[in-house]
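To start, I am sharing the structure in question, which I have written as structure tokens.
When the chains are written out, they are named A, B, C and D in that same order, and each has its own residue count from 1.
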Amino acid sequence: MSNSLGLLFRITSFGESHGRCMGVVVDGCPAGLRVRVEDIQAELDRRRPNQGQITTGRAEEDRLEILSGIFRGFTTGAPICMMVWNRAADPSRYEAYRWRPRPGHADYPAHVKYGGFNDHRGGGRFSGRVTVGYVMAGALAKLILHQQLGLEVLAYTREIGGIRARRLTIEEIRRNREKSPVRCPDLEASRRMEAEIMRASAEGDSLGGVVECIAENLPIGLGEPVFDTLEGEISKALYSIPGVKAVEFGLGLEASRVRGSENNDEYRLSGGRITCTTNNAGGILGGMSNGMPVICRAAFKPTPSIRKPQRTVDLSMMEEATLMVKGLHDPCIVPRAVPVVEAMVAVVLVDHTMRSGLIPRVLEAGRNGL
Amino acid sequence: MSNSLGLLFRITSFGESHGRCMGVVVDGCPAGLRVRVEDIQAELDRRRPNQGQITTGRAEEDRLEILSGIFRGFTTGAPICMMVWNRAADPSRYEAYRWRPRPGHADYPAHVKYGGFNDHRGGGRFSGRVTVGYVMAGALAKLILHQQLGLEVLAYTREIGGIRARRLTIEEIRRNREKSPVRCPDLEASRRMEAEIMRASAEGDSLGGVVECIAENLPIGLGEPVFDTLEGEISKALYSIPGVKAVEFGLGLEASRVRGSENNDEYRLSGGRITCTTNNAGGILGGMSNGMPVICRAAFKPTPSIRKPQRTVDLSMMEEATLMVKGLHDPCIVPRAVPVVEAMVAVVLVDHTMRSGLIPRVLEAGRNGL
Amino acid sequence: MSNSLGLLFRITSFGESHGRCMGVVVDGCPAGLRVRVEDIQAELDRRRPNQGQITTGRAEEDRLEILSGIFRGFTTGAPICMMVWNRAADPSRYEAYRWRPRPGHADYPAHVKYGGFNDHRGGGRFSGRVTVGYVMAGALAKLILHQQLGLEVLAYTREIGGIRARRLTIEEIRRNREKSPVRCPDLEASRRMEAEIMRASAEGDSLGGVVECIAENLPIGLGEPVFDTLEGEISKALYSIPGVKAVEFGLGLEASRVRGSENNDEYRLSGGRITCTTNNAGGILGGMSNGMPVICRAAFKPTPSIRKPQRTVDLSMMEEATLMVKGLHDPCIVPRAVPVVEAMVAVVLVDHTMRSGLIPRVLEAGRNGL
Amino acid sequence: MSNSLGLLFRITSFGESHGRCMGVVVDGCPAGLRVRVEDIQAELDRRRPNQGQITTGRAEEDRLEILSGIFRGFTTGAPICMMVWNRAADPSRYEAYRWRPRPGHADYPAHVKYGGFNDHRGGGRFSGRVTVGYVMAGALAKLILHQQLGLEVLAYTREIGGIRARRLTIEEIRRNREKSPVRCPDLEASRRMEAEIMRASAEGDSLGGVVECIAENLPIGLGEPVFDTLEGEISKALYSIPGVKAVEFGLGLEASRVRGSENNDEYRLSGGRITCTTNNAGGILGGMSNGMPVICRAAFKPTPSIRKPQRTVDLSMMEEATLMVKGLHDPCIVPRAVPVVEAMVAVVLVDHTMRSGLIPRVLEAGRNGL
């Protein structure tokens, strides 16, 4: 296991789906950040299943508990432990899968890797519920980016079940995404996505999709080549979200199909600032931010839990078997993944802004009450 | 800068395109690995431009020098420093770009990040030539995987300029890829790719493409969730190769467009072993290898160096300008990227096999001459 | 802040003296370790102040809570979060020191480093109470060492206030140390130490001392030169215990005063095994364990909290001032530091045993219930 | 093996005593540092054996080669590889010790740990010659400290063979230490040390001693508690120097023998600045620099190579044996360790100054030639 991420802004995740709690320790957060519980709770609430028919029924309140590191409303420089108690855990119904790994889930390799000792209930450590911790850490990261750099990290649903949003402006994304139950700011596409999810759900099936994430106004030069490139670090962070199978930047896969003369982003002067005429690079060149908006996409596979019979193997008997996954599962995880993608991108951006020496170790110097 | 990668098998890269040398230090390599210079040189040779018209003309011999860590033909457990001298460096012609960043290159963000102190000659530290070090480290990694696990890491050109190879068996890939000047084992597609590269080159333009990499016979459970997932670690390693803009596993992006019932890989018994009927997951579930072949793809953008006028900004005058990139550049880097992709995947796999406790710290125990 | 320690067995500490709790996350613990709550509670109890007159009066129950990572009595391979709630916190009396740094405490540099945002109450993050987390992690580490290697880590009070225990056998140490209120197995010296502590305490003063720690039966070769030497790693871990000002191994400082012919430990054969005639090296050569018992000593300064007037500076007024530290403080921390020293040494030894590839990632293979 | 040290300023060591070279890669060095080859060569020269009769006769020129990372006299932000070729290597005479581990050397545990594959010649990777790389890295670190913080790291021989220098002022240390062949600024003690070394040498024996290191004018707050304390980090770095067996800070071991009222450093105002009346803490409280000079001491054991018969065990025959170590060895390594101690302390201080956010990633901004 390796449950820490980041060099200077470092998060450590803990908790299991049907254990006592989900939590995270954030180490390296600068002192002097004003933190209101509501700011973090709001992000947790965005992640909760509250989009009616299209999300799971497990009713977790996910009420934030701050155990350390915040004193009189400000970060202290000490590690910040945040957690939520698991209230609606119901591990009993997972006993059926103990010996019958669910296709598309981590059950089988986890069983082998941990010699059968892993907490299998609801996927245990491999459940999407692990992202509760990511979101709490990400909420802190977003506060830092916002307060220190005036920077917003903005994700939205770009595609579900093959239905893709039209090209959107940042303004449209910001305005419309929370109006859509699937977090797609193209409200027409949103309706079609919703219908498609309900159709798949009615058939006991599931859908995947693509989340796009945009960060504007980054300083130039974030990213530490040659190995800790901004693409590599964001990519690694996104792959820690269950279900991600592809990550791309800017034109991404399409860049490999056009010519250099089409793909290169030419430079021009605009109001005394150097900018690019296009942003096919997704804001990253040589592994470093180049001043254009950073644009990345994570592709999620369809939820592996489906209400259809599937072939598996009984590990205790070593014989083929069939299972039907029961329980409360999102037919499409993509809408709820939107705040999680934002969280992980924000965590990486704060870490790299600190690595670039652009965030002081004590914020709001002079406001420290002396 | 961050020029080290890996936790237990750790590589540290150094050198610039037109500096004295390119090198790498490999730390954590188990003692007792029999290393023949030819094995490493062979990988360097695969990376060299030797595919006639379709590759660059910079004639580097890339002759391996081992500076430390190998004694009487075996690794000692000490750090292994390997390097090649830069012989054909010709930095003079890069003076033109010192103040005029080349579109699509790292020039501009590097200039800002390093305050103009970076070695700009031929991209300096951001040149594709940095991969010489990757290939030397990867050659060691491949030796370990081969000798200890009987494991081969196999990459090939899957797509260039939009031309895609047909579906191929491992056997075809192994047999045909080095027969093709573009390393595409579908020899018919290879011919079309070659023609397309020459067409683009004739027009002063460039192409990108996709490299696929396959690793069979991995132990189950490689990868350290939740943050050091096998996808995340491979992905980060691949993004350290200049030009990569997308990385995907198994069905990848396409997985987001099919239904759960189509995407899930069902389990079955085959000769007493548990296997999957399909491999849409690309051999990775929950961030861990699941026993099926690991399959990943890296999409490369077209070479940014093109012989066409491009708009840029003169950084010294802060005025718009035009430039034409001269010099010896591959119109398509993809064929030469094939051994580099293999190298980086191999490095990650060795590190994770060690992290899983599956490679002893001294190899060939009992053969140590006592 | 940097609150994680270890490479493969990695602990992350959180909590403040008068915050809600003290805790630790242990990542990398092998799966399959049988953990009884009592084993960990017993170590916490050893650390608690329960030695009558010579220890502090803050009455914390320090009742263990396991939040994650243990399932049905075994570790799962997932991160293990353990904590105790702070019940007897009484931060009010620390308001006096908010602007008047206590001599010998971390107050002043912490105030500057964290811009006054640090939780100053009772030293906050710099309190000896942080070692509660160390002890919980150390208890797990000791279980692993005991179950996997039959290895015991044994510390005792060697010196207090200049009174030194006579030379003792391991057997005497094991038998007598918990009989002594100061954990000194030389019971005669123990009585004198106790009297000396009470004398200092009566005068409002405090004492320091030396803890020696012994680990027998280590595998040969633990430690990762040249930088992660066993001495360096143990030393760094010991310096994380508040009050440590010197660490030495074997003859330690005295080694610098004898001749090579006296200091070198010669080899001999004993029952077919290679052993040393002496152990001046403290079981470590070239940064690696050499098969002899590892012996280290940590010297603790006297408790800085004394009931005597001391000169300080008022940070808000920037004027000289006088303070008297009130509250419940141990006149000598050394007896309670004994289990903490054991904990930190155990944590390092587990990490390095894993780094040497000598502990499997799943323990008790075959006992996993399949 | 673990041959990298540091988080942001990170050094990676390579090379063996009788291999081709000794080297180091420094990663994370800020761009824009003016580096003159002479500055680094001067430190190498200080480390060379040139103190007449009292040092070894192996005549290595140790001529600096810079392989990467410096361009037109300035650091570029890229990794800096520096090395010296081993010219005077004479491995033949070490064949005698291949199977007969020398007492006090790393031979035996290295043999076991690396399964006999380690380069045993002259200790190979465990030779004091490894410190050539430390000194090159430390020279860079010293340049940064000097240019950026006006800070000097100053070590000297405090004790040899039990002869201790009297208490000295910084000014005396600075003025006299290089006048003394043993680097002891108390010139009277120096003469006695010299005589004692020659006496031991004449008897075929060796001596140890203590090096003290002082760093003045550090910013307050360096060090990252709770685990990366300044003491812990310096200590770990010092233990990477062959022969160190104890490290202490300020009063060190003596602090454990005085009372709190004697040991606490009281605060006072002096010219508007907060300072301490004493410096028993050695400039570090709570693991952080407190504004007073940082003072640490490393105790070196006597050189294990002595010209006296010693008992050992023949590893090939598994029988007891006797050996006499021949060759060119310093009867006392302490004088030559002085620049090495400075180097390692400087490396840690730069890393922590960067971690505290107090060194920009590009130095001399505005001087970059734009």
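Note that in this section contacts are C-beta pairs under 8 Å (C-beta built on N, C-alpha and C of every residue); 3 or more make two chains touch, one makes a residue touch a chain.
From a predicted model like this one, the values you see are computed outputs, not experimental measurements.
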Starting at chain B, fewest touch steps before arriving at chain D: 1
Interface residue overlap between copies chain C and chain D, same or different (over half shared): same
Distance-maximising chain from chain A - centres being C-alpha averages: D
Whole-Å gap separating chain A and chain C, where each centre is the average of the chain's CA atoms: 38
Mean-CA-position distance for chain B and chain A (Å): 27
Centre-to-centre distance between chain D and chain A (centres being mean Cα positions), rounded to whole Å: 45
Chain C, residues touching no fewer than two other chains: 1-4, 13, 113, 125, 315, 355-356, 361
Contacting residues of chain B [partner chain C, same complex]: 7-8, 354-357, 359-361
Interface residues, chain A side, partner chain B - complex: 1-5, 13, 101, 103-106, 108-110, 112-113, 123, 125-126, 130, 159, 161-162, 200, 205-210, 220-221, 224-229, 231-233, 235-240, 242, 244-253, 255-269, 272, 274, 276-277, 280-282, 285-291, 299-306, 308, 310-313, 315, 318-320, 355-356
Complex interface listing, chain D residues touching chain B: 1-4, 10, 12-16, 19-21, 23, 25, 27-28, 31-32, 67-69, 71, 74-81, 83, 113-119, 124-125, 315-316, 361-362, 365, 368-370
